[in-house]
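Some structures to go through are shown next.
Below, chain A partners chain B and then partners chain C, in two separate complexes.
Take a look at the complex of A and B:
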């Protein structure tokens, strides 16, 4: 999985590409933690190019969301791909995360 | 997404073209993402499909999680614990599709590889297509050295001792025509992990063409398999397979297709 970090004006956007599973979770965790440790508490994770996400990876996202919120920041998932959106729905995590899809991003712009 | 929205809300009106069977034993941690990935991918195709989770006596919440999804074209088959072979067989014999795939619950072979297996069955060049990590072009990620040595050693025994030409018998991603599935699972006896080998042994014996297709395979962490223990059981199973074949134990179909034990979530709801 490729991980790219882009520093925006209001938030840090972390773009994930590939399969986000238990193998990739430790690497992703270290990237998330280094962003948080730098004091960036507003994090957006782009899942547009992730085709599969497993429970370990989902747990990782929940952990980062909690840390952002505890620090008074915000955490969003940007434009999850359709298969990832289905997985979020089946695990009922679509209700836990703030999800910004393509349409709402356009409306906000 | 349109395909999935339809599949997840409207019950099939006729027999599906494809059945996907997921054997599951204590998979509460992995089952939902796997169902999501398979359901989305298959629902976006043109062919109709049903999903069957064949539980193998899980002691965790696997069954509960699957049931609570209330998906109309997802069936849960419950059973006492018998081993993976039993779970796959119960799923395959309950399946109503023209083509029956079984796929491991950990998505170690991503469902996106389905088309590669489907092609030789569609053009009639094979009746069984198996995902292979040994075929030329296969990509294996994260496979441990122990597993590599073990699988190579077992493969040699299988090739030399049982005349099985396929390089990888154990990959949990195999597709059958309905006719081949009912014939092979009907005769098949092994309830444990060696059932894959028995299926291929029977496929060769019954004269079905088996296509071995290279697939991407990701060794999923948290795999619940003790490799050494499995290897010993595998060798025991090989001996009993050989003895059974010599004594004519595979001449008859002993397991009939059964859909009485399976209930759809739809039926569960109407019964409630």
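Take a look at the complex of A and C:
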């Protein structure tokens, strides 16, 4: 999985590409933690190019969401791909995460 | 640990458990609740101020392994003596059980310490040096040891690491090309600006070579020729160790981890199903090599059964330990009967495990259900779990989640489904490991296929599911546990 970190004006955007599963979760966790440790508490994670996500990876996203909120920040998932959106809906995690789809992003712009 | 410390540990956990109980007793009319422990000189108040001489005193025996005494309360409570005694007895049993689990977990963790230390040692080298850096570091070391002017470590793809005088680099590459397969060590005299001795030594096992260039104008002495053999052997060994780090050491730790997780699963899952007229229950679980997070539980209630199945996020021993905690929590929450429906039962489980899951950075997708013998309804609370499939006649539908997984958000108070469960109906709670089993082309079996396999009696459905998953995944490792709990309403 490719991970790119972009510093925006209001938030840090972490772009994930590929398969996000138990094997990739430790790498992603270290990237998330390094951003949080730098004091960036507003994090957006782009999942547009993630084609598979498992429960270990979802647990990482939940952990980062909680850390952001505890620090008074915001955490969003940007444009999750269809397979990821299905998993978020099946697990009802769409009720827990702030999800910004393509349409919302365009409206916000 | 001194006896006082041991008492503190056991009582500390029991106090946590009984504090909830004390709150409930307070709401039921108790003015105060406290412990009197035979091995402890002071009263231990839980709520209110102890009144050992009060007329309306209730005392129930306390049994926490080597510590005994009384759980006391004063006040006119709107619950019977037998009920209150059962509360204390269950809290004590839970405290003893959790104490045993804690000891067991500690012993597993300790037994892993040595391997983990070894793994950490190997990891630390890998974390300091990438393979390229390792090769460059080795070349620099070889140059220093032999007092050469330049050193090259070559692999099958060409240069792997280089150190020293860059003007000599091409001479060293020429030597690698001329080394061929028949010669182990080659000594050349090359004309650069001045005469330079070049010595190359092949490394058979890593398909590469170490090459040294002497200082221009100076002859390389025989001891240096011998030294390069030692350098090559050492370099080869370093690369072997590096490979070992990535495979053998890690595998040894993971095998131990997986074995412990598997033992935990076997100990925690029910070894037999309750028998109830009109209900056919079947379950099967096949753990992945590094799995351990799936579970199911069926508990007899006074008038029917409570059941649960789920999947702990994560893999290995950590998921296995949380899975055992979930199994005991479900069992105890069912038996405490502080619920009136499946949603409240789920909320009770959530309260018991949420702090633990949050601190571990994990969550659990799970469903909890209740069926009363003879009833045509089943209650089901679904916390982010799938697949949960219901077959009624020829129709199969998926039961959606009521809430996110346990450990993500505080549970809502009692959201659940009430499902028609007439004779012939079948409910299946599976794990994502069934639908997400991949074939050699990387294609998942899919949730739709699971729906098409919901035919026949529960045993047949389980055979269908696991047969299809097995066939689909031929030649591919199971990456996740595979579990199914099937309940069929018999005529």
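To be clear about the criterion, the second predicted complex is superposed on the first by the 109 of 109 C-alpha atoms of A that agree within 3 Å, B and C clash if a C-alpha of one lies under 4 Å from a C-alpha of the other, contacts with A are read in each partner's own complex, and residues count from 1 in each chain.
The rule is short, and it goes like this: a contact is a pair of C-beta atoms (placed from the backbone, for glycine too) under 8 Å apart; a residue touches a chain by one contact, two chains touch by 3 or more.
The structure displayed is predicted, hence computed values, not measured ones.
Upon superposition of the two complexes on chain A, a steric clash is found between chain B and chain C.
Contact with chain C, but none with chain B, is seen for A:95 once the two complexes are overlaid on the shared chain.
In the superposition on chain A, A:66 contacts chain C only, with no contact to chain B. Of the two partner chains, chain B is the only one that A:85 touches; chain C does not reach it.
When the two structures are aligned on the shared chain, A:54 is found in touch with chain B and with chain C. Look at A:36: by the touch rule set out above, it reaches neither chain B nor chain C. Contact with both chain B and chain C is seen for A:22 once the two complexes are overlaid on the shared chain.
Chain A uses residues 21-22, 54-56, 58, 90-91 to touch chain B in one structure and chain C in the other. Interface residues of chain A, counted against chain C in their complex, comprise 21-22, 54-56, 58-60, 62-63, 66, 90-93, 95-96. Contact residues of chain C toward chain A in the complex are 293, 311, 313-315, 358, 361-363, 365, 383-386, 400-405, 407-409, 432, 436, 479-480. Listing the residues of chain B that touch chain A in their complex gives 1, 4, 29-30, 32-33, 35-37, 39-41, 44, 69, 107, 110, 112, 141-142, 218, 220-222.
Residue ranges of chain A in contact with chain B, taken from their complex: 19, 21-23, 51-56, 58, 82-83, 85-87, 89-91.
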